[in-house]
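Structure in structure tokens, see below.
By written order: A, B, C, D and E. Residues from 1 in each chain.
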Amino acid sequence: MSATDIKKRVKKTGQQPGTLTYTGSMQDIVPTITVASYNNQEFSQYINTKINIQEIKALDNHVTWIHVHGLQNIEIVQEIAVQYKLHKLTVEDILNVSQRSKIESFDDYIFVTLKILTWDTKLNQVNTEQLSIVVGNKFIISFTESPCTAFDMVRERLQTGYGVNMLENGSDYLAYRLMDTTIDQYFVVLEKIGDRIEQIEENIILNPTQKNARDIFQLKHKLLILRKAIWPIREEISHLLQSDQKFITAFTRLYLRDLYDHVIQAIDTVETLRDMVSSIMDIYLSLVTNKMNEVMKVLTIISTIFIPITFITSLYGMNFKYMPELESHYGYPIALAFMGAITGGMILFFRRKKWI
Amino acid sequence: MSATDIKKRVKKTGQQPGTLTYTGSMQDIVPTITVASYNNQEFSQYINTKINIQEIKALDNHVTWIHVHGLQNIEIVQEIAVQYKLHKLTVEDILNVSQRSKIESFDDYIFVTLKILTWDTKLNQVNTEQLSIVVGNKFIISFTESPCTAFDMVRERLQTGYGVNMLENGSDYLAYRLMDTTIDQYFVVLEKIGDRIEQIEENIILNPTQKNARDIFQLKHKLLILRKAIWPIREEISHLLQSDQKFITAFTRLYLRDLYDHVIQAIDTVETLRDMVSSIMDIYLSLVTNKMNEVMKVLTIISTIFIPITFITSLYGMNFKYMPELESHYGYPIALAFMGAITGGMILFFRRKKWI
Amino acid sequence: MSATDIKKRVKKTGQQPGTLTYTGSMQDIVPTITVASYNNQEFSQYINTKINIQEIKALDNHVTWIHVHGLQNIEIVQEIAVQYKLHKLTVEDILNVSQRSKIESFDDYIFVTLKILTWDTKLNQVNTEQLSIVVGNKFIISFTESPCTAFDMVRERLQTGYGVNMLENGSDYLAYRLMDTTIDQYFVVLEKIGDRIEQIEENIILNPTQKNARDIFQLKHKLLILRKAIWPIREEISHLLQSDQKFITAFTRLYLRDLYDHVIQAIDTVETLRDMVSSIMDIYLSLVTNKMNEVMKVLTIISTIFIPITFITSLYGMNFKYMPELESHYGYPIALAFMGAITGGMILFFRRKKWI
Amino acid sequence: MSATDIKKRVKKTGQQPGTLTYTGSMQDIVPTITVASYNNQEFSQYINTKINIQEIKALDNHVTWIHVHGLQNIEIVQEIAVQYKLHKLTVEDILNVSQRSKIESFDDYIFVTLKILTWDTKLNQVNTEQLSIVVGNKFIISFTESPCTAFDMVRERLQTGYGVNMLENGSDYLAYRLMDTTIDQYFVVLEKIGDRIEQIEENIILNPTQKNARDIFQLKHKLLILRKAIWPIREEISHLLQSDQKFITAFTRLYLRDLYDHVIQAIDTVETLRDMVSSIMDIYLSLVTNKMNEVMKVLTIISTIFIPITFITSLYGMNFKYMPELESHYGYPIALAFMGAITGGMILFFRRKKWI
Amino acid sequence: MSATDIKKRVKKTGQQPGTLTYTGSMQDIVPTITVASYNNQEFSQYINTKINIQEIKALDNHVTWIHVHGLQNIEIVQEIAVQYKLHKLTVEDILNVSQRSKIESFDDYIFVTLKILTWDTKLNQVNTEQLSIVVGNKFIISFTESPCTAFDMVRERLQTGYGVNMLENGSDYLAYRLMDTTIDQYFVVLEKIGDRIEQIEENIILNPTQKNARDIFQLKHKLLILRKAIWPIREEISHLLQSDQKFITAFTRLYLRDLYDHVIQAIDTVETLRDMVSSIMDIYLSLVTNKMNEVMKVLTIISTIFIPITFITSLYGMNFKYMPELESHYGYPIALAFMGAITGGMILFFRRKKWI
């Protein structure tokens, strides 16, 4: 959650609860509806931007999957809500995309929200987007802010009937597949951040600069966002596993348990990356301190060698009338020798102190 | 809770439990009573500073909402307490405004206190005020220390019957609306602090000064106040959800669950802001250390270049009678060349060390 | 718990469990017994240093409150133990005043210990003392190490029958009153520490010295003591609320719930003060670092301006025979001008670096 | 879990759940199957790289132990899975070796994964490898990535019938033995790290260098890996103890309880080593700071002694026409004496400050 | 647990579970058996190094207490194990003295291990030793590595029948007494460490040296050992209290509850001492920083006063032919006065900065 998210939330403040507004920033995406319908034998699919919701007729023994991307056209969401008897609060949560991930059980359906995380390779940053899923008996409705290619692949597999026969299983298994697809993308983002951390570490060991410090703080902030996105999912799946909704089969529960392990692993990875970032910060600070030490040592060595011998030269630069040493023929070579001895002594002293 | 709050609490110490005193600082606000009465068809309202409590007659099937702002006139609170059979401890808690937010169930009513947070744009600080709500069957009594415009808007909506028809729902839904209104304001305050944090971050990156450090500590302190105010509300709503009071309907419970999520989000936001403040403090310290390093480097570079060559000049400033170099015609240019060579060597050394 | 407390505990070590010794340091206080007896109509009271315990006859329907201060006369405690059938372990706990606060249920009574905290204004420190309360049906026995004026006030109110009619309620309500009185004093101590913190903060901002650091560490230590004293009470009251002793009435339970909230508030306050102390420590460190920076800057500015120009003066102090500049009529003014230019350039450089 | 592990995980992403791939790095190990079969009287054993799984016939009342090392030949794992009716998710988990250790109960078997930790003496690092164990009634199947000599010893003891008669106990006891053998190796790795810590500590006290700091960070990282590997095992054994699978006997449960204690001890050891590493880091930093202090002191002592006396020599190096001191016969010795006095005074001052 | 303990543990690794080895370091202590037998009237006792275990005949209604010190003669432990039907794992745990403290219930007995802590006044360190107690109905067997004088005192009290009549109570009360005696010694060790902390604190305030820092780290390490030793005992006693073994009487349970409080207090004390050690470390660091500041200030003051005035002397040491100031009769006194003015100005500047 960033300062921008807080602002989104504030925009809604002062409004009556129940007023519907899309709080996201992706205002220019054309809302598109994709309807897929399948049973263990058939699969059919329509894509349209102006589909008439009432026309979607659920066939007997078919699972209907409605996917909407683009949320600024509130009417579409409202029509679906009316058709599938969604609670007012559910509609509000679908549109309010800056919320914390959560799961809620209603009489006829389960409502789940997750964050979709993608890595923006141009800006080197993490984009977050909300995915809302309504899972009922024989139907599933999903909402995203922007088009989601990963979901297209799920639909393709439904069509080809590849792998575990998705056609044979109900809406609960499809919901698991959507969540699994979303959570798998987290690892891609985590890998990118892992790579970035290693790269910064190398840079720092070569030459620690103030810019590195700022990079580390930015990584820390990104990991904070990830943590906030992933952490609540653990609880969500745990709730799903304990849910008493009849349409969640024992078959799907096994897969959800596996998904739960993946989320734990994602959380573990985030924590490991956070530990690594902290370590790099420590390395940075220790390198900076060491550099400072080195600077100090050079200053001290130069000063402590030259200050005493400069004193001697200064001594014999005095203009007193009666300075017997000045008259001596060997004064100058003896003074030079003495200064050389001091220098040698100092160097020995520094050697013993292991400064040079 | 600030040092001032501790003092308020202390004033009461030594008194017998049950002695009634208003512990707040807003002593000059004229206590005002606003009574609203409504059922699913009608709405009526009176505002007065000297209303006779006994005259308020609850109409059949009407919800009565009594709102009092200004608490230094203890008699008003006591009269209401007698009329609505409030427990002595409830009255005490209404008047003792420096308490921790809490919820208590009594036989006939639920007593809830929350902090109202407002942002004082003049002084750039957070003001806290206590809101006490007594929710019974068909009646609700709310107490604030100063006039509350947000509540006037709730009353207006009751009158216009806008949105979810508030007139159709009981005192429990109204209580939810008052709490929701109060918690929505938290996000406004959080946004202000978020803006302030970003502004300080920019200032620090431009020029880290001691004043920045003090600003960060003040923000940290403000966030501490917010945290203490928001944290207990989570538990409060959770208690409300599990309450066995009959006048809390399943309808309202759904909305309370939603409110619970908002509070969690507010807590999350506070934690995120705290993390951001910590990061800024770290950036500040790292910038200060870097500046120190730079200062040290300049000193070291200047010193280590000039100290050796000054020694040479000093050497030939000695007044020994027999110094052959001084007699030589090329002594001076050779000395100059030698000093130039030392300077060049030093500069090369610093280049290799990446100091310049 | 301080090092002294550990020693007290050790003194007992090696003895057989069950051996009775007073472990406190207030050895010179004359043990005094105050017996109060009341029902809803009457109140009577005796004070004596040599009361004969067997003579105390509990009147029917009267609550008997025996208060003992001064514990070095073990016989008194033992006589009371025999008369009221107290367990050997209870007697031991009454005399061993360096224990952790705790609550224990026995068949016929509940045994509670708390710390009484008082602020020693002369030495600016917190004094801790143990209060032990034995609450039975119709009797209550309390033990403190030194005279306790706050309890005298409770007794006075019993006599005058002021406020909630204490005379009408049993030993359980009186126990609540004693605990409430004790916990109210915590806030006085907390306020003193709060004042001290603010005072130190002001001193530090004016002039951070090593003494301030030591003051902060002492405050930290005091807050640690308070925390250890207050923390277990939370659990104690929670146990009291869940106790199945019949003589704890529903009436008193309501008040205990209120007391529970006060303890939570005290704990909150301690945590807030600890946070404040940590912040002050951070402010102190940041001020010290800043001061160091300033010192470094002054040194660097003076050095880097004067070292180069001193080199020039030194250069023309050399005694080479053939130095054409020395002969020139304009040598001196040109040298001066050159040195002036260097100084100006340095000052500009420092301006741009924002050092001056 | 390292950055490499995250990458392994990512490779799988985008695949359909259920697609089987070996995610490990040991691609060049020839998969080998070792089949052991025993009851309380007999023991027989076959080793082969191309065993025909269908040929393995479980003899009545015999426990069959199939051990596979080398996982890149997925067919072998799949054949075993078909023969022993393993769930698709189990097969996936066996092949996906970068997972978190876990335990899962299925109808007919329990599936356990652990990390095998070995110390690579050449590279001074910890190698992690996954061990998967499927325990059913009368059979046990174990999978490792590389050959495991510790398991060969277990098999040898089965053959010789040494110690607690393993032949007399079922597959549950054998599973315990495999886990015990694996966990015992953790202590070997922990001892190596303990030795390394002590060695680094000694080096640091002799001469703290930047390399030491890097060594400490590496140790910290290794301990992090160990912690992640060991922590989940605690929960695993606790699940095994509470499992309601009938083939886990009371006899084996006693041994599992003991194993649980060993795991707790391993966790304790890791935490202790982490504490030690932190302490060493603190010692390192404190030594570096001290060294810096010493450098500063030397600089300050030399500078503050010589700067004032050099000023005096410089003073009498001025070329003013009228400087009476210069003419005096005793000027020079007096100046020398004065400079000696300043030096002596300075030395006394530093003595009092305890700098020298 | 130290690195040495890890090594002890490792020695066992690779062995078959069930192989019996004494893992301790006290190899030269002659194993000695002390048998005491008592009922509420009689007490008898034998001490021998070669007692025949089978000869120990438990008299009816007598409690038999067998105490063994010295464990390198494994046969003695094995003989006792056979006689009293101890489980193989119990024997193993008795001999493996580097284990974590634990409690285990078997059918006929409870097995408890604790650490005995003693303070070695010569080496200023904590010695740990394992105490194993097997408590059955009417018998108790205890094992220590070295002779334990505290247990001799328990035996003496049994003989003299002093205090709570130990003779009247069963093996459960004796077990409590042994544990109480052991835990009481913890406070002695804690006091020693408390004294050491105060002493180091004093030293540091007088003169913070690098040696102090090392002392603090050693104390921290000792407290870590203590914490590991004491922490598990809390859980142990809690298990004892909930145990359903019939031979633990309600009478003993009361005393165990008291012991539980003592352990909590010991844990509290350890935590307090840890806090104190942390504070001292902070004080040390703050003192070191302050000393550094002082050094820097002295250097800066001396440098910034003398550098400018040395420049002036150097200026008039130049050998330019035409320097009018040098010819002036008042040149020298004016230069002196000017230098005096600069010095005075500098001193005022430092005063205002509060540096001197």
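By definition in this document, contacts are C-beta pairs under 8 Å (C-beta built on N, C-alpha and C of every residue); 3 or more make two chains touch, one makes a residue touch a chain.
The structure presented is a predicted model; accordingly, all values stated were derived computationally and were not measured.
Separation of subunit A from subunit E in touch steps, taking the shortest path, is 2. Note: Cα superposition of subunit C onto subunit D, rotation of 145 degrees, nearest 5. Averaged C-alpha coordinates put the centre of subunit B at 27 Å from the centre of subunit C. Each chain gets one centre point, the mean of its Cα atoms, and the points for subunit B and subunit D are 43 Å apart. Shared contact sites, meaning residues of subunit C that touch two or more other chains, fall at 292, 296, 299, 303, 307, 310, 314, 317-319, 323.
Following neighbours round the ring, subunit B first and subunit C right after, the list reads B, C, E, D, A. Touching subunit E in their complex are the following residues of subunit C: 1-3, 6-7, 9-10, 12-14, 16-19, 87-89, 92, 99-100, 102, 104, 207, 210, 213-214, 217, 220-221, 224, 228, 281, 285, 288, 291-292, 294-296, 298-299, 302-303, 306-307, 309-310, 313-314, 316-319, 323, 325-329, 331-332, 335. Those residues of subunit B that touch subunit A in the shared complex are 150, 153, 157, 162-164, 177, 180, 184-185, 187-188, 190-191, 194-195, 197-198, 254-255, 257-258, 261, 264-265, 268-269, 272, 275-276, 279, 282-283, 286-287, 289-290, 292-293, 296-297, 299-300, 303-304, 307-308, 310-311, 314-315, 317-323, 353-355.
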